[in-house]
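Contents: one structure, followed by commentary.
Letters A, B, C and D mark the chains as written, and numbering starts fresh at 1 in each.
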Amino acid sequence: MAVRAAHELADGDVVFVGIGLPNLACNLARATHAPNLVLIYESGAVGAVPERLPVSIGDPALVTDSLGVASMADIFQFYLQGGRIDVGFLGGAQVDRYANINSTVIGPYAKPKVRLPGSGGACEIAIHAARVIVVAPLSARSFPADVDFYTSPGQAGKYGTRAQLQLPGGGPTRIVTDVGILEPAADGELALVAVYPGVDVAQIKTKVGWALRVSATLEPVPPPTAEELTLLRDVLDPQHLYL
Amino acid sequence: MSSANPSAPKVMDMREAVGRFVHDGDTLVIEGFTHLICFAAAHEIIRQQRRDLTLARLTPDLIYDQLIAAGCARKLIFSWAGNPGVGSLHGMRRAVEQRDPQPLQLEEYSHFGLVARMAAGAAKLPFWPLRNYRGSDLPAVNPLIKTIECPYTGEQLATVPALNPDVTIVHAQRADSAGNTQIWGLYGVQKEAAFAASRVIVVVEEIVPESVIRADPNRTIIPGFIVDAVVCEPWGAHPSYAQGYYDRDNDFYVAWDGISRDAKGLEAWLNEWVYGVGSRGEYFDKLGEDVTARLSAKPRMSEGVNYGF
Amino acid sequence: MSSANPSAPKVMDMREAVGRFVHDGDTLVIEGFTHLICFAAAHEIIRQQRRDLTLARLTPDLIYDQLIAAGCARKLIFSWAGNPGVGSLHGMRRAVEQRDPQPLQLEEYSHFGLVARMAAGAAKLPFWPLRNYRGSDLPAVNPLIKTIECPYTGEQLATVPALNPDVTIVHAQRADSAGNTQIWGLYGVQKEAAFAASRVIVVVEEIVPESVIRADPNRTIIPGFIVDAVVCEPWGAHPSYAQGYYDRDNDFYVAWDGISRDAKGLEAWLNEWVYGVGSRGEYFDKLGEDVTARLSAKPRMSEGVNYGF
Amino acid sequence: MAVRAAHELADGDVVFVGIGLPNLACNLARATHAPNLVLIYESGAVGAVPERLPVSIGDPALVTDSLGVASMADIFQFYLQGGRIDVGFLGGAQVDRYANINSTVIGPYAKPKVRLPGSGGACEIAIHAARVIVVAPLSARSFPADVDFYTSPGQAGKYGTRAQLQLPGGGPTRIVTDVGILEPAADGELALVAVYPGVDVAQIKTKVGWALRVSATLEPVPPPTAEELTLLRDVLDPQHLYL
């Protein structure tokens, strides 16, 4: 997934990075096809070049040798709400048919079955980033037709479409999973647009809680190159914290 | 004058600072986003058995998990509640799910919303506008998130109310004895949380001469005249970190998951590491010598700049 | 991506920067509160005969007095219009009172109001709330100052609309070639003015290697990815100043009163010092050697801090 | 006037300083009875200790060796609106019966007889500082019954009283002139409360554009001490820029 996510990034993108896989993906992209990627963390580090794999979103290694440090008030107001972020990464316990994301509760809010951490910066990233890449392994439990709680707005839902809500950012535009890639169609509903080598489309459909549309022309997905795998395993995450 | 008697000495130990400035029933903010989280203050609050606190913080983190488990809190205002990179905050979850040791009320925002609450508090405005929350369920479960119509464009924008803590505790690298406080590395919302509060305690790795502050005034984040107490507490942020002083003790963050998973284990840890020591100095001694070898910062000094004219 | 092609070179001379990024009819902000006022950019704008600009700045100062007298402006947005410590801005007054060289429309705030307009612009909010203007005549003469009712307390607060300049020009001590910009001494509203703008030109005393920026990231005020052009122009703020580089030329501020008191005198000065030189370098040479002796900053270096972990 | 204004300051006051006489007064107070005075300039300098007499409100000497530097957004939002400023200094071309101050225009706004610089930070200082000291030489032209333009609100006026307007600060509480001191009475109208040695009350009354009330008990005003005069003339303003 880290390699697929890295491929979603263009050189020069200003990326709001989360910890874990998104961080790996960004550093992989920076080391390969996108040397001018600007990594921004909600903690305030701008243009970070962490010399070790950060273990938290506020790791001191994100500050040392960074291009700048901003207060969180500036990060959210001037960088994110200011429309300066090209790409945000989000994960979540549930992603639904319209790419609404739930990282708050499984079950009802007042009496949850599982209490999750909550939004953090996810809600505002989903609203403001020009595009959002969601990274999540595909499973029927994680991809229900409707999420239990709308933490971060997707392309459409019970409150209306993004256009109706006048949301400034593009919202989730690519859902990178462990078996393929989903993308919202014009009406906002996610469709399968790419399948990884050796994966069966029929099997993918069983891992989604609604009747999944499949794009007429599936994108080709090259396997990870040896260079990418070496970078990930030996350089970027030598202790295999996230792989 | 604005906050305190200007000639009253502000430098004191943590016991006195917490004793004088943190009261039962207070709304308390101990901020620091990963960086500069003042565990030393939290532990003293637990030792002094403060009760009925409303705790506000973006990330409750281990520090509020401990305060909640120790029975200090009745309410939590937050935006991301987890053990970063590890999992749940078990102490908090027991309070919410099992009312153990007592019930805990939750008031939930996103980061931007809670940052905006602190900015409004610092600016002494009753609310702060932000473009957020449309399409999210958060306003449905938090009636304090409201909307306002822009008088120019007619757009509906979200609002959050000001947060004005009774007391804010800020950890920082250094301050002078009057509380003029300098921070580098991640700022978090330390400045906004301090300006929003009625009382401010600054806890630092080092108290430095005023001349050190004056030699680099652009690094000052909090002016002394809004500060009530200055506490010198080296390693006071452990297991959080202080850029240029010591690294985050990630092993402890991972270990906390096991320690806190049941109430007994967490209580035993509090008995040993909080109630069982009288001060941060004793806690540090108890950590043992290897902690400095393991976590002390390596030097990466910046160059000076010219303030002359 | 957000602003510009990331691999396009940004370092250019002032002629190219103004030629490419400042257009007739633009709303232009050249900020800097006493400190870091980019006269070099204003003089190039005059030389390139930009017209119909809406000029916004807290203190029009000599810089906008010159742009107005040169016929570049049709409107001025401001909060304090004078020659600080000296008297009036005669060029501006002639435009307002005698429509010479052309009429000038005024839009007036207080400092807080104009700072708030820039903050709103930077945050891409359509307005900013502030507790101000009750009991003052300013809203009566400026209909853009409105009120809003707080959704929590019912209080009436003032609002100002966002200011989003087409182009902001920021002077600073140093930047790297990608435009990551560091400022110390007085910040003014340089950061807000830059984030509020569609296009940003940064003018610096020195272009430094990226490693210099990275060695002290807390000094970075403007990130390179919002910057379109980086111009290296030593002494580019004269007769304003750059902390650590050169002092304010107060004698010139005093002399300006006499130079500008009648239109002919001001025009002669523009002919000699703006049209009569091709670049800031020629202006500096023309100032003569004594200017460096008179105004160069004496060293008052700060110490470094540790960014290690 | 600088000596009188200095006497208005208490040790530990956090003062929003203007340039010129207020700056002299503050530095005189700091050198005598108020060593813990904190000088803040709207330009962003906090705890300034200028080693030369500043010629502008943003003089570099205000930064060198100061305790801190704040952005102007922070100065106006967190320091001033935040209620952290004890004393503000204001001047103005006109001060009226209720201490409203005009620094905008003489005559009508659209067709002024004299166009003045405008508010700068004056309007918000008059609204937010706990108390405001106005320094202005007394003359009938400068002290009309009503100002031509309300730049900075006084104690009462056409928009109502401060209480009616719910203004958070105390507004102008002392008007220090070259001949005596005025202070608002309970109804907000300025009354003469102190007369300098050798000055005639009857003469003062002719320099004010309304029937000036005189306090029943005038405050004693000691003459400047030799130390104060020496400090002002030889140390604080040796070039006599403002004296």
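Heads up, the rule we're going with is that contacts are C-beta pairs under 8 Å (C-beta built on N, C-alpha and C of every residue); 3 or more make two chains touch, one makes a residue touch a chain.
The structure displayed is predicted, hence computed values, not measured ones.
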item: Touching both chain C and chain D (chains); value: B
item: Centre-of-Cα separation between chain C and chain A, whole angstrom; value: 39
item: For chain A paired with chain B, centre-to-centre distance based on mean C-alpha positions, whole Å; value: 29
item: Chain centre separation in whole Å, for chain C relative to chain B (CA means); value: 37
item: Centroid distance [mean C-alpha coordinates] between chain D and chain A, Å; value: 56
item: Per-residue overlap in chain B, given as positions that touch at least 2 other chains; value: 124-125, 130-131, 155, 184-185, 191-192, 215, 218, 241, 243, 247, 297, 300, 307-309
item: Multi-partner residues of chain A (at least 2 other chains); value: 45, 60, 63-65, 69-70, 77, 81, 168
item: Arrangement of touching chains [line / ring / star / complete / other]; value: other
item: Inter-chain touch pairs (all); value: A-B, A-C, B-C, B-D, C-D
item: Chain B residues within the chain C interface of the complex; value: 124-131, 146-148, 150-153, 155, 157, 159, 161, 173, 184-185, 212, 215-216, 218-219, 241, 243-245, 247, 297-309
item: Contact set on chain D toward chain B in their complex; value: 10-14, 36, 38, 45-47, 49, 60-61, 63-70, 74, 77-78, 81-86, 130, 168
item: Partner chain C, residues of chain D touching it in the complex; value: 19-20, 42-45, 55-60, 62-65, 69-73, 76-77, 80-81, 100, 104, 109, 115-124, 126-128, 149-154, 157, 159-160, 162, 165-168
item: Touching residues (chain side chain C, partner chain D) in the complex; value: 33-35, 58-59, 78-82, 84-85, 88, 93, 96-97, 108-112, 115-116, 118-119, 130-138, 141, 155, 184-189, 191-192, 241, 243, 247-248, 250, 253, 297, 300
item: Chain A-touching residues of chain C, taken from the complex the two chains share; value: 1-3, 5-7, 122-125, 180, 191-192, 195, 210, 213-215, 217-218, 220-221, 223-226, 307-309
